[in-house]
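The structure under discussion appears below in the form of structure tokens.
Per-chain numbering from 1; labels A, B, C and D assigned in written order.
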Amino acid sequence: MPGNILGERFVVVSFGESHGRCVGAVVEGCPAGLPISEEEIQKELDLRKPGTSAVTTMRKEEDKVEFLSGVFQGYTTGAPICMLVWNKDVDSSSYEKIRGRPRPGHADYTAFVKYGGFEDYRGSGRFSARVTAGFVMAGALAKKLLGHAWGSQVYAYVREIGGVKSRDMPLDEIREKRYGNSVRCPDFDAASKMESKILEAKRKGDSLGGIVECVAVDLPVGLGEPVFASIDSDLSKALFAVPAVKGVEFGLGFESARRYGSENNDLFKVVDGKIVTETNNSGGILGGLTSGMPLVIKIGFKPPSSIAKAQNTVSMETMEQTSLVVTGRHDPCVLPRAPPIVESIVAIVLADHGLRGGFIPPILKKSKSSE
Amino acid sequence: MPGNILGERFVVVSFGESHGRCVGAVVEGCPAGLPISEEEIQKELDLRKPGTSAVTTMRKEEDKVEFLSGVFQGYTTGAPICMLVWNKDVDSSSYEKIRGRPRPGHADYTAFVKYGGFEDYRGSGRFSARVTAGFVMAGALAKKLLGHAWGSQVYAYVREIGGVKSRDMPLDEIREKRYGNSVRCPDFDAASKMESKILEAKRKGDSLGGIVECVAVDLPVGLGEPVFASIDSDLSKALFAVPAVKGVEFGLGFESARRYGSENNDLFKVVDGKIVTETNNSGGILGGLTSGMPLVIKIGFKPPSSIAKAQNTVSMETMEQTSLVVTGRHDPCVLPRAPPIVESIVAIVLADHGLRGGFIPPILKKSKSSE
Amino acid sequence: MPGNILGERFVVVSFGESHGRCVGAVVEGCPAGLPISEEEIQKELDLRKPGTSAVTTMRKEEDKVEFLSGVFQGYTTGAPICMLVWNKDVDSSSYEKIRGRPRPGHADYTAFVKYGGFEDYRGSGRFSARVTAGFVMAGALAKKLLGHAWGSQVYAYVREIGGVKSRDMPLDEIREKRYGNSVRCPDFDAASKMESKILEAKRKGDSLGGIVECVAVDLPVGLGEPVFASIDSDLSKALFAVPAVKGVEFGLGFESARRYGSENNDLFKVVDGKIVTETNNSGGILGGLTSGMPLVIKIGFKPPSSIAKAQNTVSMETMEQTSLVVTGRHDPCVLPRAPPIVESIVAIVLADHGLRGGFIPPILKKSKSSE
Amino acid sequence: MPGNILGERFVVVSFGESHGRCVGAVVEGCPAGLPISEEEIQKELDLRKPGTSAVTTMRKEEDKVEFLSGVFQGYTTGAPICMLVWNKDVDSSSYEKIRGRPRPGHADYTAFVKYGGFEDYRGSGRFSARVTAGFVMAGALAKKLLGHAWGSQVYAYVREIGGVKSRDMPLDEIREKRYGNSVRCPDFDAASKMESKILEAKRKGDSLGGIVECVAVDLPVGLGEPVFASIDSDLSKALFAVPAVKGVEFGLGFESARRYGSENNDLFKVVDGKIVTETNNSGGILGGLTSGMPLVIKIGFKPPSSIAKAQNTVSMETMEQTSLVVTGRHDPCVLPRAPPIVESIVAIVLADHGLRGGFIPPILKKSKSSE
């Protein structure tokens, strides 16, 4: 399969460009019988919307989702679900000016080589973070499915921005407070420092990276298909599809590389008749399979490549050194908008493996008449 | 596709169990006309062999690779290539004793739930690092293909063990010296400290993790298929198939999350008529596509879960607390054996994308008679 | 992959329902640099349009194709191409009346069981021949690609309706005359008899089946991937996706089952420095690979299941015998509208294998500026 | 996926060459907990064995199946099952003589172009009917699975050879008698005429084609994934992988193209509380989904291309006309050996769709201990 198709049984086909007519997704393989409405998708989509605070891009997008197929009388039908948002507030003028001079850190150069100059370069085209609107639409459906099938919840939050770290907090508190401020960090003290950091970077024409943590709870034991489609394999694959992601780790991740085995192993115990572990250093994954403990993932985002400072580059036409200043409207830090995207990606992969492993039935109820 | 199949055009099917008859791989999709011999595969396989030094497991494996199909008169034919090594030095007795008491950190518990107790548990079965022998066979073929097609080289080495770090070194030096000692670290001073650390952990009945770095050079620009099959996506997916991997990052990785955009962006320049970047913080990836700069990946391994100390666990039969001591022959640290495995995995993914993107032709020479 | 996705490298994702908002397709994997316009797609789409003659359904559909993504400045960009037609002339009233009483020959019963009653049953939903509008959009792109890459042409025509057969004719004549009458049969005498047969059946409230033949010329030698993705395998798979198809054969097909080998083998000869065969009983396929001779396929269509006569059926609610009369607007014979659909399907599969086998480059021109 | 991989969830990877070391298959995705032995596979394999009567090739093959992986203590484990037979009675001398002069009707010419002369041409290599031994091993497993899960049975028999047709018979009689004679036709009168026809053709140095019919009973309603992976789509795809197949039809097939809709539609009725149809012209498929009625498929085989008569061909080296006589040991008619192959292919596709649709659980029993 070419690259814009993800999954095996809950399949997401991403389409649309930043400055084209629309951005959307087709979800193929969603079981029949899931109650879903445009409003539910919209709610998730609104969480990634730009233009909502000083810390994000000024681009205003209405982003009203529309179902084009696959939903009938308020339920999924088992047929492909095509969803999209139309692009409205589009201004491509700044991109015409820099065409031919690749922006450092962006895909301009590699895309030009890959697609022979035929790529839609306006607003970064397919490489824009705007395509993640399609991820969120598909992810909203996946989250609904996980909740419906297992009562599971997936939640992501900002763990670190520009070196400012969120403190450790109980999962429930994280879940409740994570969208309580503009940076989406449940530790409000840290959040306020993060916001200052972002605004300072913005003033300097610079940008900041950070770390998102995602947690998924109430998952069945055994999601994943070792060896190559283990749950960590497929989660990381999907997460690296999110622009600016440069690192993914599970549980203690790289920190476990510095531990002794005796410190790192999670010991088994029985609580309420269920097998659990005393610690969760593994992040809820053993042998590439979910263990039933909370799935914990950390995702490292680089700072946005679009900065207001002059940067060296080359002219692809003359092959001579030149420079450019990236104008347009950009996020000084993508982290505040990342949690709903990360949640979506994680939910999509879990839904896919739920179906692959037979943990979700092909019809969610036997028959509508039996309600 | 179920989980034991990797790739789209250079496809690896992994089969075999730790204590079964054999471990192997079928490679489907390798172009016709690649000169290859069992000796070339063997050379790579010998690099991951256990029993070669004090820092690895005592299990002795002859591991003589055999081609069962797909190679004729010294060349690949375009047909599936089945390769395997027969298992010889197998002792399953220690596994019978602990059956029913899942070893902390291992897949025993999750595999039992996933496969209903039908899994071959001897020697961890499919979850054993022994299955990576199949990865190395397939990877040796992929490495040959990359060299043949592009003159590319893929090399991995131990970057860190138990907190001891290798110093920064030029790529050429890394390549030449990486297999020069028992821990596979090109910085021989660090290597000697790492070795001491491992032996100390071994004496204590404990184990150590670490970090492997992998570099691939002379790659074409444009490998990868955004958005979901971007080159980082597919590399990370495959790398998490290696047992004990808990984190993957590209270029600066998580460190870039703490940088300003102006520090992190790699500026373009022209050298010898080619577009390159001044720094390589991105690790050779822009927009999910290879940039032509060296591909740089760091992979974090947890310490082996098999330790000689008594650990708490539960009886899956009685659901009561118990404990166990893992006996058998195990590596106190997998890092020394990891570089050839990591190289193989990376080469497989690059070969796959080379074929997907049309960077490698379906027949490597027009005709054998034209040699 | 679930069932609404076809192909490996030129991938078609079908979406939309007969009486939903739209019918469309996403084509993922089309190389960058193919010049294409909505007008070119429209031209093909108009050929399958109903309401154009007495022998087809009265349903009027404007069916104006719209590109939603993947085309920029008149060229494909390498990104997914989403195309659709909006549904306009929709009347679902007749379907409400018969809900619960499955129509003989239709998917009503099996779809109800498969999707638990959640399926969009209006106008047969996903099982309607209307979804083939999406096939034709994708196929128009594929045909353009085959012409651009190889100068190939794909043409289908009605070979037989209700027992009336078209005479054997030269390929060029077939190609030129095939759309010259309402039944799409290049033998105009036979066409006139076929038309009478259809109108007679229509008067009786009955329907007729028939056979379409499809020919593809100027193909490269070696399309197909034995053993399971041989070119006949993948063509037949795709052709059986067309509603009402009950048989597929290549070259002499079932007739070759009655021949001696000495009569059936196509002997090789050299013409103009090329290896060809004296006869083409194999239909241009040897060992599952295209031979360079014209590809010849026959496709058998059953008569439409919707007839105006009363038919026995059962009530799925009461499980008692009942009967129904299918009202609504239906084709008495689908054959006249089938050729553009068959051409599309065949072109899609050939394009897919052209890309898989490296016969079509990933970028159609090196760079737009080099035109 | 390249061509030697079939299926999505019950996946068959075919490997091995006619005159190489072995022929085999890896089955990936078979649920854990299926009781299976080499003896059961062997029984099926023996049914396709050559050298058992005057009507088949004289090549003697022991064909003793060996499990290399995936089966433990008599049950499938959920891991990939590698199975093979070693090649023993191999004589490649006749192939060396004709190398460069493609045999009419064979893949020699197309394979040479496709694989650049690197293909293993001995005994037709991958294009030999010998690779179907791998299909039968995988199919034996699939048949066991279908029986275990649903009590289903798949049986094929010779319907026609050289124009001699088997009479219509009740399904039970077909099943019981189908392997009762050397041509595998349950109508013993017809069988005796078929045998004479074959022996006559053999004497003349010629060959004969024919038709196999396959029936599968006791299937669930709803197998198949429209539109592109409908059950007829996937069955036909797999059946065209069998060498010499030139046509596939379901139910009445091409005959329905000559019927009125009122004659062709199968009317619904209720029998024993189940919805069935009065006739089964559709061959058990409605809308690409199984209807619960017997699945009926007819497969047309061309006469073997290897005949003892001199035939015209060309020299690929000199590009001049020449001729050749195909020597070696060949079947004058493949039909007698085709039924077990066809049954296997059909069972594989049904097993795959059984898993895809959730009709077969991922673990066949909850736990071995619960037996």
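By definition in this document, a contact is a pair of C-beta atoms (placed from the backbone, for glycine too) under 8 Å apart; a residue touches a chain by one contact, two chains touch by 3 or more.
In this text the structure is predicted, and so the values were computed from the model without any measurement.
Could you classify the chain A-chain B contact as same or different, where same means more than half of all interface residue numbers appear on both copies?
same
What is the chain whose Cα centroid lies farthest from the Cα centroid of chain A?
Result for the farthest chain: D.
Roughly how far is chain B from chain C, centre to centre by C-alpha average, rounded to an integer in Å?
Chain B and chain C have C-alpha centres separated by 45 Å.
Hey, how far is the Cα centre of chain C from the one of chain D, in Å?
27
Express in whole angstrom the distance between the two chain centres, defined as the mean CA positions of chain A and chain C.
The mean C-alpha positions of chain A and chain C differ by 38 Å.
Which positions in chain C touch two or more other chains at once?
Residues 1-2, 4-5, 8-9, 14, 114, 126, 356-357 of chain C touch two or more partner chains.
What residues on chain A touch chain B, complex-wise?
These residues of chain A touch chain B: 1-6, 8, 12, 14, 102, 104-107, 109-111, 113-114, 126-127, 131, 160, 162-163, 201, 206-211, 221-222, 224-230, 232-234, 236-238, 240-241, 243, 245-254, 256-262, 264-270, 273, 275, 277-278, 282-283, 286-291, 298, 300-307, 309, 311-314, 316, 319-321, 356-357.
Which of the residues in chain A come into contact with chain C in the complex?
Residues 1-2, 4-5, 8-9, 11, 13-17, 20-22, 24, 26, 28-29, 32-33, 67-70, 72, 75-82, 84, 114-120, 125-126, 363-369.
Given the complex with chain D, which residues does chain A contribute to the contact?
Interface residues on chain A, with respect to chain D: 8-9, 356-358, 361-362.
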